[in-house]
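A, B and C label the chains in the order they appear, each numbered from 1.
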């Protein structure tokens, strides 16, 4: 995937020089191992700062809603699906965008790699193909990236962009995987077990809203947690308030979530927030046969009414 | 400054003794990370940490605190009268706090306790708490304490400090408060060679901390020059406006005050951590918002830490270089880089 | 330990609807504990946090004057959760007041000076406090000429109409009341925007200070008029509004650079403001 770097730079320089776009949204190299920073190149010179590797897990569609300028954007499969949703929801216009499609083999989960290192601090991580060489003060270790992917990437079935204006590489092979093993396990729990499971899951939550802020489907001008007239949710870290936040957010993104994993990647306390969103994803798929962002002409099922909508809850 | 020594094997018993008199907070391992927790058993304390994931500020300033309570029952003769919620300010000890975090509380003191107003909860908890620090022998790559007027062995904010010398802990008593608390432990004086070992560890630790930026270079520039500099456009782009950096930070003290009603007949007034990253933070009832744009909020956070605080108090930045925000920011906005840009006469590199 | 967040309990003594649109009401409070009135010693220009149990707190300028004893008054615009709730409260209800907060108009510096007071809309509350304070027989001789330009969109939106009429009748204060427009054939005062009326009345800048409070657009267009009349920035004083929670410079949201509007303000000279980030 690093090969994309040169192609992104070339495309960015071309598009900026020809004034086809006002900016190119991609990533620049981060200051920390396994981190890149979302970045918008506005000049052909800045285009040389753009990079691509396995540390581009933030969903760049998050930077699009309500922009009014012309933008080129690098989009993985998941990013492109969220762009589709945003276009359907009138957050950005298709003609404003030049999409650089990035077929994707998954993003590295630095937490999984850190877990293998017995608390030792990673000072450097060098990616080469599927390998990533990690080193610190007194160690060096090489990992196969494919074994240390973000969980959403490991079970991703839409790695190729669904819309693009130019592709950065050949399509990659899609995976045949069972996406909902973990969800089925939770579904099989007794109600009190579920309750305990979720209470423990969100116990560390500090209500920083990084999950919401990183989410390309969370663009409401005022989020329901911030409403004060009326106040829907308490702002404390009381379990009831925290639970309400996570449950409601999952419902709000039902049928709109591409399982890009940006929420989980961003969570500073490592909560598996995707357990909520994936359950809703599964429901929407089963009830409506709908997967977020896979088609460009059908709004998410929960914001349209059709006479033949399934009503299993009635 | 007197030096004492605790053999590692004696440490749990020492903690036990402290626990018999005080509520003791110490780093406790919880999955991948460490957090400060009130100890239930001495064995839970674990000094095998670099630093805790969250800063220990919640010990003095909980994320959600009941300030007041009141009755809303119409037939209550004291209906609508706001009263203080009773609190426990009994003596407590924070064991194993890093020097940077202790220094942070000194900086926070300037905000919570001015000449004119004292925050009663912060002040009383500060008063009733003894800080027994733990020097950093091997700071992380994200640490930059020495750039911001503190260091891995800085005793400024501490009442006493432990130094891990391998087979045991050298213990320096710094304040009267520290002396009183540690007096009950009947510790042995440190063997002669310990002082030299501590100096050696200190020098090596300080040397290992990289220079991040130069606070005086920021102080010397005009507020409006930095405020209006073009650097913010690039700095702010990636920011998600989540509250991660502010909630983890030991010197982010901003809060909200909210009323919460239960069953319509009684209620509480709560103080809740808030964040300058959130747009509602400055949102007027009229709809006007002086910091409605993300770029304004990002600028506010860095200007407050690195410029306004320096100018207001003249005691350096409101940053102690703990590196938590650097580690936790989901989009890798790095205060070290921002500090460099702010201090560089505000010209963006390339 | 004294708790600066704890409101003094007060009883609503009266509620007066000030304006035809019923959006502004003046609340007169009496302290439940008389000794609290002594502790709540204030100066014209300060504000207080009004506290309603179960709803929250809001910062509101003190409309009564320190020379008026036995009560305090606030004129409250219905905008948010707390103010909307307050508009449904009645005489006899109990609520809370915390403060006084912030700084005040610099009365020591203003001694011996002429005053030009310019107000617009509902931002006339601390100006009312100031006028009542200066007109008090004990204080009137300390100040020179007093000119007041006060405007509202139409006559029904003017605050304190009876007092305005009483001040009109006095010869130790020059009132220039104005409305943007009116259909009232009996309207006997000015018609025109505040900046235009200020220009027309042209109060002298000599030995004078201007105090200006009002909507941002009014301030924006009046400042050039004052400059033209010869008022330097250090003699133009304004009072700012901000979202506030603690009111005592601790909670962190109302800063302009190093200054907290709640504690170091809300009163600033234009000269001071020009050196601070313009985030207000």
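Keep in mind that, in the parts below, a residue touches a chain if its C-beta (ideal position, glycine included) is under 8 Å from a C-beta of that chain, and two chains touch if they have at least 3 such contacts.
Model, not experiment: these values are computed from the prediction.
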item: Greatest separation from chain B - chain, by CA centre; value: C
item: Most central chain, Cα average position; value: B
item: Chain B-chain C separation of Cα centroids, rounded to whole Å; value: 39
item: Centroid spacing, where centroids are CA-atom means, of chain A and chain C in whole angstrom; value: 50
item: Centre-of-Cα separation between chain B and chain A, whole angstrom; value: 31
item: In chain C, residues with contacts to at least two other chains; value: 80
item: Multi-chain contact residues (two or more partners), chain A; value: none
item: Junction residues of chain B, two or more chains touched; value: 256, 258
item: List of chain A residues in touch with chain C within their complex; value: 228-229
item: Touch list for chain A against partner chain B, complex; value: 30-32, 35-40, 45-46, 49, 58, 62-63, 111, 114-115, 119, 121, 123, 206-210, 212-214, 222, 226, 234-238, 262, 265-266, 268-270
item: Residues of chain B that touch chain A when the two form their complex; value: 31-32, 48, 50, 53-54, 63-64, 140-142, 237-238, 240-244, 246-248, 256, 258, 260, 270, 272, 275, 278, 280, 326-328, 330-334, 336-337, 350
item: Of all residues in chain C, those that touch chain A in their complex; value: 80-81
item: Chain C contact footprint on chain B (complex, rising order); value: 67-68, 70, 72, 79-82, 84, 111-112, 114, 116-120, 123-124, 223-224, 227, 253-259, 261, 267, 269, 274, 276, 281-286, 288, 290-291, 296, 300, 303-304, 308, 311-312
